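You will see two complexes here that share chain A, one where it goes with chain B and one where it goes with chain C.
Up next, the complex of A and B:
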């Protein structure tokens, strides 16, 4: 009995319940929603945003916020594709390692500023995003690498599918779920993962009980950058082009998805499962407006309202925690 | 007589001690000015250059002051650009669809029409700011998330109203707000100076201003001291929203157009200028004078680099790098104390 009431009080349960209601409503408005093609497309739309959301989740659990990951993702993606073209390299594993390392280095730079100078994460990541985007567009280039110049190996990888009942499901879903599983194991089953929760809950206490806060900060932002870099190249291989101006405005969507999933912006709270649900909710709403015969220009208003309502609900849940 | 001059001297010394940041800013501005003058003497030191800066910088300066107001209580307003665009676009819709110019309307009727547009735009800003303030003060959503969400809503409404393309066809008097001159001074600059004086007086000479600083310094103590923190925070976001709308009026007046994605790079720049101007993002510290000097310093920097044919992207890089650098300098200086 207690375990049931505990389950009901978890924010994941609430998100899941709302999700089911929303899906039923959309299905009633337009039964085409339940077609396998539509559902598989929906899942495919979760992949890149989902990996980015796992990156933001880690930062948010540590009590910070990151608005630089779209810039890191685009830098990792564009630099890797340019390097592949320059060398005529055809492969998959090495480029993804390269993109991940580029993201990692950018993330470590964030950690350096945040830890060494005790600067506010929002300001640091605003600055580093502007630096990385400015350098990329100013020094590397502004032209889109179209499908005719994209490395075929990346395109082949990004479009690999598995056929289920006549419809094609992108294999990238399993990469996303695999990363999510690893992140869940890392955050809940390792000392380093628990340290992130402890640090986000109360940095001073975490320090006093013996957690290495310096290592935690570097781990959090390094990991966040690495995931962003990986997601960036995955995005390019899934849409078959590399646009150096891509991912503008993603920070809002991804942060919204993570908050929808029950993570607290004050740190110490958040889960991988909740984040997956939050991402699914966001892509569901964004992609289903057309199916519900609502004009696409309403997308921003709808997403904004969802963010406000979700944050209002969490604020109401946490209301006693505030003076 | 002697005592008087002594007092002035100690006043000056106190001013320098207290406003160390202002002095640092003036030095940065002077260095930028001298550097740019030395690098591009023929183009930088022309009257035309400073005149064009005086038209362009006020909209950014007003947005930065709006940002500072939110930061004073430890918040932030990420919706300022959304509000500015919404104000400009609603005015545009009003002028082109709801209340188009009558063919033989006199100057007085035209002026009335523009005045109504201004009231409408400022009203929208006030309303948007009220929504922010209510969500932050009453519902207690963290300012970052609340304004992130409302900013999305405001920008989304801009998309709904315009469907994507820019709205053009503002009346001539509206353009005067962004391009005109009064006694040889750019109208945007005049508006900026009015805002600077009004906000500075409000922050330093009224109970409301004092309250904001106290709330930002220690919100808990402010509650126990009996301050009406909720109401004060609400007012500060209402003011910030109205200022953002004013910036939107100037922007749409200067460019004679309004679009849902205008001025998106202003958001980072507004945060940068506010922080550079000595505003503490954690609350409790910030001056209008500091923000004003900071915006001028950065405008000189940007215009100088533009003359040296740096691309806009590299200027973005410089803004970001400058933000990090200034924060590091501030931290190192405070550490020395």
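Up next, the complex of A and C:
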């Protein structure tokens, strides 16, 4: 009985319930929604935003915020593709490792400033995003690498599918779920993961208990950068295109998804499962808006409203819990 | 007698410009409950920090189990079995009870992975050791203060603890919770663990401890078995003189129209239909247990809580929907937690002082800085705020000075009603007497009506002509200070459960 009531009180349960209601409503309005093709497409749209959301989730649990991941993702993507073209390299594993490492290094730079100078994460990541984007466009180039110049190995990888009942499901969804599983294990079953929760909950107490808070900060932002870098290259592989001006406006979508998934903007709270649900909810909303032929500009309004309402709800919940 | 667990010999600790501890000898034996008493700034916190390895000291010796220890660090202290429970408990509110309990152990084992079953088992063991039932899966943030404290104690006892130090452990507890804490402390003692209490609540010290050590101005002034002490003796030792003879005498007339008249004031469920009159020059005390609704009552009078009921000032009905309304009407409020609620820590003292009176020094649409500075200087000297410079940040003030800044600020607005919430919590004796004297003077000379909310019974008796006791949102007792003794009030407060 108590475990049932506990389950009901969890924010994931609420998100899941809302999600089911929304899906039923959409299904009634547009029965085509339930077709496998549409659902698989929807899942495919979760992959890149989802991996980025896991990156932001980690940062938010630690009590910070990260708006630099789109810039790191684009830098990792573009640099890797350019390097592959320059070397004529055809492969998959090594480029993804490269992109991940580029993201990791950018993230560690964030951590350096945040920890060493005790700076506010928002300011640091705003700054580093601007610097990275500027350097990329200024030093590396501004031209879009189209499908004709994209490495075929990446295109082949990004378009690999499995056929289920006559519809094709992108294999990338399994990469996303695999990363999510690893992140869940990391956050809930390792001391380093628990250190992130403790640090986000009360940094001073975490220090007193004996956590190495410096290591935690580096881990959080390094991991966030690495995931962003990986997601960046995956994105290019899936859309067969590397645009150095890509991912503009992703900050809002991804943070909205994480907040929707129940993570606390004050740190200490958030879950991988909730984030997956939040991402699904967000892509569902955007997808439905497209199906309803609602203009792009209005989508921004909707996402903005979603983030404000979801943040207000979690902030209200957290404040109530504190009283 | 056995060898002391910890012994300090002639320990001196200097801070720039002062001696925090001055040649102190102190011992604590295994399985002993000792109370460390003293006003703020008397050196008791410094002593805790030395024993727990946070501070180094300048002279003297520290011995553990009879062996001199040079350079004790925090980790060494923990390794020697010394655990401190700070007032904020250092718990993680978003994590579960089990995890809060198990974290230390898991960390010290240096494991990479966490086994949830083991974590839960460690938590269960820790609670079982204290024989208490708290839901292991509840997040700590949802627990009551008392339960959080028990979690903190259980966590401290997870390692091989030989001395448990508790800093002001009863501050936020109700009477029954204090009893529960004390029975836990006695159980801890039965396991052979020494407990060092730091407190300034005399009744509790007398109830729980076996030995009392009193500090004043960095020196140990008295020490002995608890049986040799009573409240008066502790007070005298802590303050260096007998206090409580001066009292506030109110010479006004009951039949006059009250300055502030409150009828049927309710704030949600927390304040229920309170009637209250404050006459010119009166200082009325308001006490009651935590959660009695006294703070909500004050907040309502200051326009910070939505409320219903009739409030009149000098006969004029007031509608107090915001702080601005209250200030405009002439009501001032000095909150309990001045550091977080009342002061702009990173702003100069001068700006802090004039913050509420800023509209009174303008030249056309602009501020008259000369006049503002003059007002600030005047207040700083009137309130005897100890600072070399009014441009220093308020965050740098210590002792009773932050209180004086906030009180001084409100006095600049020439209030008709002054509400003080815990006016001297955490203030040293000298400052306390000074603040009290100033408030009594103001009431007597300007007709200011004061509502003084406090837990400090001697403070109330000394300063108030009437004392009201609140319980569960209602005023349950109205006492005339002339005909009431301290013990009587303590008794009544204890009866309110």
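Note that in this section the second predicted complex is superposed on the first by the 313 of 323 C-alpha atoms of A that agree within 3 Å, B and C clash if a C-alpha of one lies under 4 Å from a C-alpha of the other, contacts with A are read in each partner's own complex, and residues count from 1 in each chain.
Please note the rule applied: contacts are C-beta pairs under 8 Å (C-beta built on N, C-alpha and C of every residue); 3 or more make two chains touch, one makes a residue touch a chain.
What you are looking at is a predicted structure, and each value in this text was computed from that prediction instead of being measured.
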item	value
Touching partner for A:131 - first (chain B), second (chain C), both, neither	first
First (chain B), second (chain C), both or neither touched by A:303	first
Touching partner for A:221 - first (chain B), second (chain C), both, neither	neither
First, second, both or neither for A:250, with chain B first and chain C second	neither
Touched partner set for A:191, first chain B, second chain C, both or neither	second
Chain B versus chain C as contact partner of A:69, first or second or both or neither	neither
Contact breadth on chain A, by residue count: chain C or chain B	B
Overlapping contact positions on chain A, where the chain C interface meets the chain B interface	322
Complex contacts: residues of chain C adjacent to chain A	88, 90-95, 99, 103-104, 106-108, 111-116, 137, 139, 141-142
Touching residues (chain side chain B, partner chain A) in the complex	76, 135, 139-142, 144-146, 148-157, 159-160, 163-164, 219-220, 223, 268, 271-272, 275, 281-282, 310-311, 313-321, 323-324, 327-328, 331-332
Of chain A, residues touching chain B in the complex	65, 113, 117-120, 122-124, 126-139, 142, 252, 255-256, 259, 265-266, 295, 297-305, 307-308, 311-312, 315-316, 319, 322-323
Chain A residues within the chain C interface of the complex	6, 188-194, 197-198, 200-202, 204-206, 208-211, 264, 267-269, 321-322
